[in-house]
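Following are the structures in question.
Shared chain: chain A. Partners: chain B in the first complex, chain C in the second.
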Partner chain A sequence: MVNLNGVKPKNGRNYYIALGLEGSANKLGIGVIKQPLLDSTLTGDNSHDCHTEILANIRDTYVTPPGEGFLPRDTARHHKNWCVRLIKKALAEAKIENPSIDIDVICFTQGPGMGAPLHSVVIAARTCSLIWDVPLIGVNHCVGHIEMGREITKAVNPVVLYVSGGNTQVIAYSENRYRIFGETLDIAIGNCLDRFARTLKIPNIPFPGYNIEQMAKKAQHKDNLVLLPYTVKGMDLSMSGILAFIDGLAKDLFKKNKKNKFLFDSKTGEQLITVEDLCFALQENLFAMLVEITERAMAHVNSNQVLIVGGVGSNLRLQEMMGQMCADRANGKVHATDERFCIDNGVMIAQAGLLQYRMGDVITDLADTVVTQKFRTDEVYVSWRE
Partner chain B sequence: MSKLITGTYSSPDIPNKTFQVNCNDAKYLTTNGKTTGSSEYVLKAGQIDRDRPSGPRRLPDGQLTYLSQLRCNLTGIQDDINEFLTERMQIAKSKKTKLTDTKEEARINDEINHLLDGGDDDTEETDTV
Partner chain C sequence: MSKRDNNMQMEHTLTLNIPFATSKQADIACQVLRPDPILRPQDFQVKYTSKGNELVMEFQSIDDRVLRVGVSSVIDSVKTIIETFDELE
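Right after this comes the complex of A and B.
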């Protein structure tokens, strides 16, 4: 029996307020949420339906010039210098006048992610906790994505496809853990797309994957798909080889290497495919691999729902392909969110952190707030689910 | 007047190095540090730095607020520490290269001598540390 009302809100209020701080990669997100104290959360498995109200969801992204990735040092500097300004803005937007009275808990990303940026944000979290005398909760970034996705879409027990710049995992819940059924063996899907965007030197605004998606829409030879390696390994997948292969094709295209018979007609020398065709092929190939392992996970756990979370989850083509697969299954349904909740944000950290807090999990010693680059999804004990 | 921040560093060869704030020096009165800016590499790649820290805040009488003063002092002392540690790293690095150079030379010489001595027979090789 799960009782989410065990820890009461502060000062006899009938609602909780949580502040969430996220900064595991190049996005700095600050979110403020409010959850009412409900009878429905007293017993039963209702952690996906907490009637969360979003009071503020602010994000600032560290953007680099085309062709460049984000380096830990400069990303950490961005977070460090923007964190206080963003927290102030978020509190003003949420109309929180006195944080030490109004906020129940401060939630921060404890990992996984890039060490230096995580560190910048946790320092802000610790400082706020000490100044306002508000308890702290460390949140697993992946669990944050899952819980936000469940709350927004109201999916009860979906197979989760978590696809972002740093992670690619197929996850299903079982016995108080989010268990990983399949994952990448090397680079994450978002990393594969971002790095290809770097090779193409396309802008990083709003984010590289979005620009690849737009280019893919303009592909002229969709019926003549460029063949790329298809590397599903059991329930896992590998993407570094695909990236190396398509990077090679793009470079040959830029150099006009007519010897490459994939790209140029060997007799006439006519160019057969465009950069847009490469973007299209890369998306189709990678997403097909994801759909395959997701479908297999659904069959394993006998589920008919998929929840797509993570930055790449905002890709409409991925949602469409997943939808086609689900349409072929009995009562199959895809749940996805838009960029406000898919892409890293502070609200999701607040959501997962507040669930933890309501179950009585709270940090009492600052030594337990140390952030970590490696923090697997299945390390978290999910006490808020049956 | 509140207490000024200080820093201490100790290692076997430097038992006690202290870093102190000098309130008359301009570098302890700014939030823009010398070593806490964007990476040179990123700037060369065409990055426009929009992530600078906000400037210090002053009271109506022109005095820095307590937190602003702390931020400024920290920026200065951070620069001092960064410069000191970078220098230490350079020294350690040059020592290490020298050491590995001589080690590598000795290893090659050993190998040549070993071969010249006709040591390429079936004697069992043992690992030496």
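Right after this comes the complex of A and C.
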């Protein structure tokens, strides 16, 4: 039996308020959520249905010029510059006047992610915790994505596909852990897309993957797919080879290297494919690989639902392909969210952190708030599920 | 390398005293800074204490370059703490 009501809200309120701080990559997100004290969470397995109300969800992204990625140092500086201002704005938006009384818990991303940006945010989190006398909770970033996805879509026990700039994992829940069934062996899918966008020198606003998605829609030779390496390794994936290969194609295209017979007709020298076709082929190839391992994981755990989380999860083509796979399975269903919740945000950290808090997991010693670059999804004991 | 050798090499030192509005603030700053481990303890060490309403930071390092880099990163964190006090307390 899971009792989510064990720890009561502060000051006899009948609802909990959590502040979530996220800064593991180039997005700085601050969120405030409210969860009512419900009878349905007293017993049973209802952590996906907490009636979470979002009071504030603001984000500031560190955007680099076309052709450049974000470096840890510069990203950390961005987060330091904006963190306190954003917290202030989020509190105002959530109409929180006295944080010491109104906030039950402050949740921050403990890992995984880039060390320096994570550290910038935890400094603000610790200071707020001490001046307001509000407890702190460290949240695993991946678990944050999963819990937010479950709360928004109400998916009870889905296979989770977590696809972002730093992670690519197929996850399923079993015995109080989110277990990793398959993952990337080298770079993450979002990293692969971002780096290809850098090769193409397309803008990083709103984010590189979105711009690749828009270009892929304009592909003119969709029926003549550019062949790329298809690198599924059992339940795992490898993407660095695909990136190197397609980077080479793009460079030959820009240099007008007529010797490349994939790109130019060997007799007439006519250009056969465009940059848009490359974007299309890259998406189709990568997403097909994801769909394959996700389907295999579904068969393993006997599940008919998929939840897609992480920044790449906002890609509509990925959602469509996953939908086609699920439609072929009995009662199959895809759950996905939009960019507000898919892309890194503070609300998801607040959601997972508040569940931890309600189960009585709270940091008592600040030495336990040290952030870590490596923090695997299955290291977290999921006490809030049966 | 033994511990004694290390201490002998940590010749470059710097002490910073940062005044805060109250002794509680100095104490909080100290608690916020203390948990994070130093990445290369054999090259750089720092000790945080609070004395009245002052935060005292004592740095030790093997050379002036490591000292400068280490001190500047700690100062960045102190700036965030001060901004939090100013805006959110």
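FYI, the second predicted complex is superposed on the first by the 386 of 386 C-alpha atoms of A that agree within 3 Å, B and C clash if a C-alpha of one lies under 4 Å from a C-alpha of the other, contacts with A are read in each partner's own complex, and residues count from 1 in each chain.
Rule of thumb we're sticking to: contacts are C-beta pairs under 8 Å (C-beta built on N, C-alpha and C of every residue); 3 or more make two chains touch, one makes a residue touch a chain.
In this text, all values refer to a predicted model and were calculated from it rather than measured experimentally.
Because the two structures share chain A, they can be overlaid on it, and in that overlay chain B clashes with chain C. With both complexes placed on chain A, chain A has more residues touched by C than by the other of chain B and chain C.
When the shared chain is aligned, chain B comes close enough to touch A:71, but chain C does not.
In the superposition on chain A, A:384 contacts neither chain B nor chain C.
In the superposition on chain A, A:367 contacts chain C only, with no contact to chain B.
Judged by the touch definition given at the top, the superposed model places A:62 against chain B, while chain C stays out of reach. By the touch criterion defined above, A:83 lies against chain C but remains apart from chain B after alignment on the C-alpha atoms of chain A. Once chain A of one complex is fitted onto chain A of the other, the partner contacts of A:357 are absent, as it touches neither chain B nor chain C.
Counting contacts by the rule stated earlier, residues 77, 80, 85 of chain A appear in both its interface with chain B and its interface with chain C.
Taken in their complex, chain A has these residues touching chain C: 77, 80, 83-85, 87-88, 91, 99, 119-120, 123-124, 126-128, 130-132, 366-367, 369-370. Only residues 36-39, 41-42, 45-47, 51-54 of chain B touch chain A when the two sit together in their complex. Chain contact summary for the complex, chain A toward chain B: residues 62, 64-65, 67-68, 71, 73-74, 77-78, 80-82, 85.
Contacts from chain C toward chain A in the complex involve residues 28-29, 31-32, 34-37, 76-77, 79-81, 83-85, 87-89.
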